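Common to both upcoming complexes is subunit A, partnered first by subunit B, then by subunit C.
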Partner chain A sequence: MTGIRMGIFSGGFFTTEAVWTALLVGGFAALVAAVAGVFTVMRGQSFAGHALADLGAVGGSGAFLLGVSQLWGFVGAGVLAAIVLEVIGLHRVRERDIATGIVFGFGLGLTALFLYLGTTLGHSSNQAVAVLFGSLFSIDPGVVGPVIGLGVLSLALVMLVSRWLSLEALDADIARARGVPVRLAGVLFMVALALAVELTALSIGAVLATALLIGPAACALQVTSRIPRAMWVAVVVGVGCTVLGIFISYESYAWSPGHRAWPASFCIVAIVFVCYLSTRVWNTVSAAMTRRRGVRRVGQVSERIREGN
Partner chain B sequence: MTAVHGEREPIVRISDAAVVLGGRTVWSQVGFDVQPGEFLGLIGTNGTGKTTLLRAILGTVPLAEGSIQVLGHARGRGHDLGYVPQKVVVDPDLPLRARDVVALGLDGAKVGLPLRTRSTWERVERALGAVDAQDLSERRIGRLSGGQQQRVLLAQSLVSDPKLVLLDEPLANLDPASVQEIVALLGRISRERNMAVILTAHDMNPLLPVLDRIVYLAKGHAAVGTTQEVARTDVLTRLYGSPIEVVTVHGRVVILPASGAPDTEAVHHSEPVQREPLP
Partner chain C sequence: MFAPFMTDTWIAATIVALVAGCVGVFVVLRGDAFLAHAIPHGSFAGAAGAIFFGLSPLLGMGLAAAAAALVIAVLSRRGRRDAVTALLLALLLGMGVLFLTLSGQYSNQAYGLLFGQILGVSKGELVWVVLLGAVSIAGIFVLFRPLLYTSLLPEMAAASGAAPGGMTVAFSLILALATTASVPIVGALLMFSLLVGPPAAACVLAVTPGRALVWSVCGSLGIVWASIAISFGTDLPVGFCVATLSGVSYAVARGWVRARRRMTQTGRPDLESAR
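Coming up: the complex of A and B.
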């Protein structure tokens, strides 16, 4: 592993192929996750997003055990899980919560089993860590094509059903009255969500995938009240955090004690967290400012009234 | 069933319908037609299934018996149908402005990204203006008060020029002045655009000037009559199972919960008109 690391980090940031693969896969997955994330937050489905990441990990770890590409393991298991989760009823939020919780607990158990079996069979334990926490710099460049294809599919699905989802987020009965196929919208969105989550799981790991799904969208919804604008802001935040995180992770090899490069996953998620905190603080401050301005305006009006105008 | 020549096809045709929810028959043998442009009030005490009847017309509640035809189809959906449910709980952070909500009333069932033209937005602003909510246009729907949300949702239901609107307690969150205003607006649009309205209300008083017919639900059945037939002391007292009085004050019909003997003096001096909800 140290040998590989040396290989990656000895070149310049933009002249190393592994860095380009990391930027392409990580950045594109972040873009897809940010767009799906806006609707995930609107629909209150962040828990389902997390569950899909964990169930995808079953496929990812299964692929690790069999020694095949983790991308298809993640995506296969995630999409299957999405359809099952949406179709087995779950009409009520409470049922959805419980079913999701129980199913994904079992999923993590299976992941533990597969990773254990895989490492005892002699696969590298670094790969086991990669399933859970991601390993952007050791992604096979061969997956770039499929990642972009699946990401475009996810984006297309979200765009296709975006108005259905918006109206349903307002009220499901109004949506039905207007002729929105609410069940179909739910299934299609879950598939899009699964694709977005699994691509993100491939880049920063199953455990951390939710951060890139929810974080940028949550930031965006703090600062804008329009869906198209929220999608743009979320994409900028998500892709920005990912690129910056990859850069910091790469550079940390030079200045971290003992040349132990910090994992890109950690850097990305930490920056997302800082972004979210900043928007919260900014929002609170600007709300307080607006209130004070409002008070001043009321003051002026009452003064005018006193003057008899 | 074929339409007789010269007779208008009804907007809604309910024949011998029954709904069973959780083993309990909510109502049965319900049958009536709604004609284009007709203004129908749906009344009854709590739990008699007013909302269920609206939802059955929408097709979101299955029928145990009978049939409901809306605009010639088995269930009502789409552009020709506006609907405002009773309780809409909107997340304060939902990224939809009032104008977005109304625009979704026009194109929410379409696929693809919303690329709206100027004429679409003009139509949206007109709908908001009609319910006196144009100044709410840029505000987030979830941050508006209950009455303001009610107006925006009403604009959402009217924006597509529907042939039928179903309104569940549309007056519940409004102050008395707004109630008069909205009722007058609904009456005018209904006449001008030949739009049928079915609405539920606890308090019929403000609606009496515009209602064509009243459907009253009681004891698992529905009865239909013109306002003159139903808004009578004996009929309403039987319906509600408690004394109700219908009096005429300054040429206006007013329905009051009566306490024992009719206190006509109090009625004549009660100005402005009492608008207490019926028991």
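Coming up: the complex of A and C.
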């Protein structure tokens, strides 16, 4: 058995320490992002989620200049941006998107400034691109502890507001009438979202943060409309995609020409996208089947009625 | 600042501002800020892929932008539009990373695509900007009325037989065209700020769509020219200046409208409420 396995795979996957760190941190980040993602997708805040990932990178590159730890740059910028987004957040979805876009554009402008200052001070732009795209196989071990702490905090916040958010998702007016603090719930959720996104962006890159936040949750909401069940499905999909992606990326070193390993971020994002497409196809097919079955049933009933007459 | 080597920069920037001003009004009216972010940033994958396969980056960029626009338009018919956009953007960025890794070139080219290098425009690039920019502005003007109808009153447009789906596809393609014209020169960041900031400010201030279009074009021209001047004088990156000025213009517009409303509420007569 091991002989066959060794023949197919390059081996060493579970014995390399970098892989274990990648699996643990990546899996944990995927879990936290998936839980926060369900409400993000339901509330139509994907744009804000993506913006927070990149705005965290602004803080990251700013912290880099000031010599502060990158972690606090990410988290500080993320939470600040989340509160700004929620406070100026207008109630109509279209206007909210525009306001998000303007804050986001301004934040990206700051990134350009920080990168410029960084390069004039003698850093290379590689550092900044690394902040954006991240690398699962070179996680700083010192980051692991704070990442887990922030993740637990984010999960706790989501659990705290989940009843309020569920009621609000059902009917905002009823929720308000029953005394749900809608505004507070929104702000708390945005902070939880920011924490989830920043820890993902920090540990495995801003691109992956968007994919792991939105992808698994969007898949889950295709499959079920119950919120707790959607969260479980999203966690399974997110962690599964991450582990599989890390595995493929690790193996790709062996079979890709020139031994250039495929980046883990690409592998994970591609698998997440394929998952989403398959749930969409599955949904369309099953809807078509039910419709046809329904037509047949209606046909049988009408036939029976005709026979009875 | 107006030295001969700057002429092409001024021309290119002016065209980009015209394109962004026109297309941006519809970005704002349709609430498509995420699309305006995703297409410029995602098309970076096309350029990276083209570099890998040895093709022209402009071609790769155009193909990626058009493909992204089409896929988002098709998938979001029955799905959540923002989630689909986020996923596709992540996929494109991931592919961009893959191509950059495989071709062994790292960040400087990507850096240029994301943040722009407007001070180094060549004559060959300028021709493409003019051409593609002209086509996308022409597209906006040809489709002006149906686009406006489906953007402002989507339900009514659907009920009266106009095809909002078709208009979504058409507008996404125009956005892709405008992106391909501008991003290689000004970068994805600058294009995104221009597509959202000045048009949003114009839509807050203006009363009619036509006036919003005029104000938006004037605003983006002013912001781009001022930014190049500031950047030339102080050496700050152009993208930073444009993004900041765009954000400030929107904040000022909203503050101005709110102040005016408060004045009218405290009893000062004004034309609009009198009418």
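Basically, the second predicted complex is superposed on the first by the 267 of 309 C-alpha atoms of A that agree within 3 Å, B and C clash if a C-alpha of one lies under 4 Å from a C-alpha of the other, contacts with A are read in each partner's own complex, and residues count from 1 in each chain.
Going forward, a contact is a pair of C-beta atoms (placed from the backbone, for glycine too) under 8 Å apart; a residue touches a chain by one contact, two chains touch by 3 or more.
It should be emphasised that the depicted structure is a prediction, and the values quoted were computed from it without experimental measurement.
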Fit or clash between subunit C and subunit B when superposed on subunit A: fit
Contacts of A:Trp262 with subunit B and subunit C, given as first, second, both or neither: second
Of subunit C and subunit B, partner touching more subunit A residues: C
First (subunit B), second (subunit C), both or neither touched by A:His50: second
Which of subunit B and subunit C A:Pro228 touches, first, second, both or neither: first
Touching partner for A:Leu110 - first (subunit B), second (subunit C), both, neither: second
Touched partner set for A:Ser69, first subunit B, second subunit C, both or neither: neither
Which of subunit B and subunit C A:Thr16 touches, first, second, both or neither: neither
Subunit B and subunit C, minimum CA distance [Å, superposed model]: 5
Doubly contacted subunit A residues - partners subunit C and subunit B: 44, 221
List of subunit A residues in touch with subunit C within their complex: 41, 44-47, 49-50, 93-95, 97-98, 100-106, 108-113, 115-116, 124-126, 128-129, 133, 207-208, 210-211, 213-215, 217-218, 221-222, 256, 260-263, 265-266, 268-270, 272-273, 276, 280, 284
Subunit C residues within the subunit A interface of the complex: 28, 30-34, 36-37, 75, 78-80, 82-91, 93-95, 97-98, 101-102, 104, 106-108, 110-111, 115, 189, 192-193, 196-197, 200, 236-237, 239-244, 246-247, 250
Subunit B residues touching subunit A - in the complex, by the definition given at the top: 55, 58-60, 76-79, 81-85, 88, 90-91, 93-97, 100-101, 104-105, 107-114, 140-141, 153, 156, 166
In the complex, subunit A residues that touch subunit B: 38, 42, 44, 159-164, 166-167, 169-171, 173-180, 221, 224-228, 230
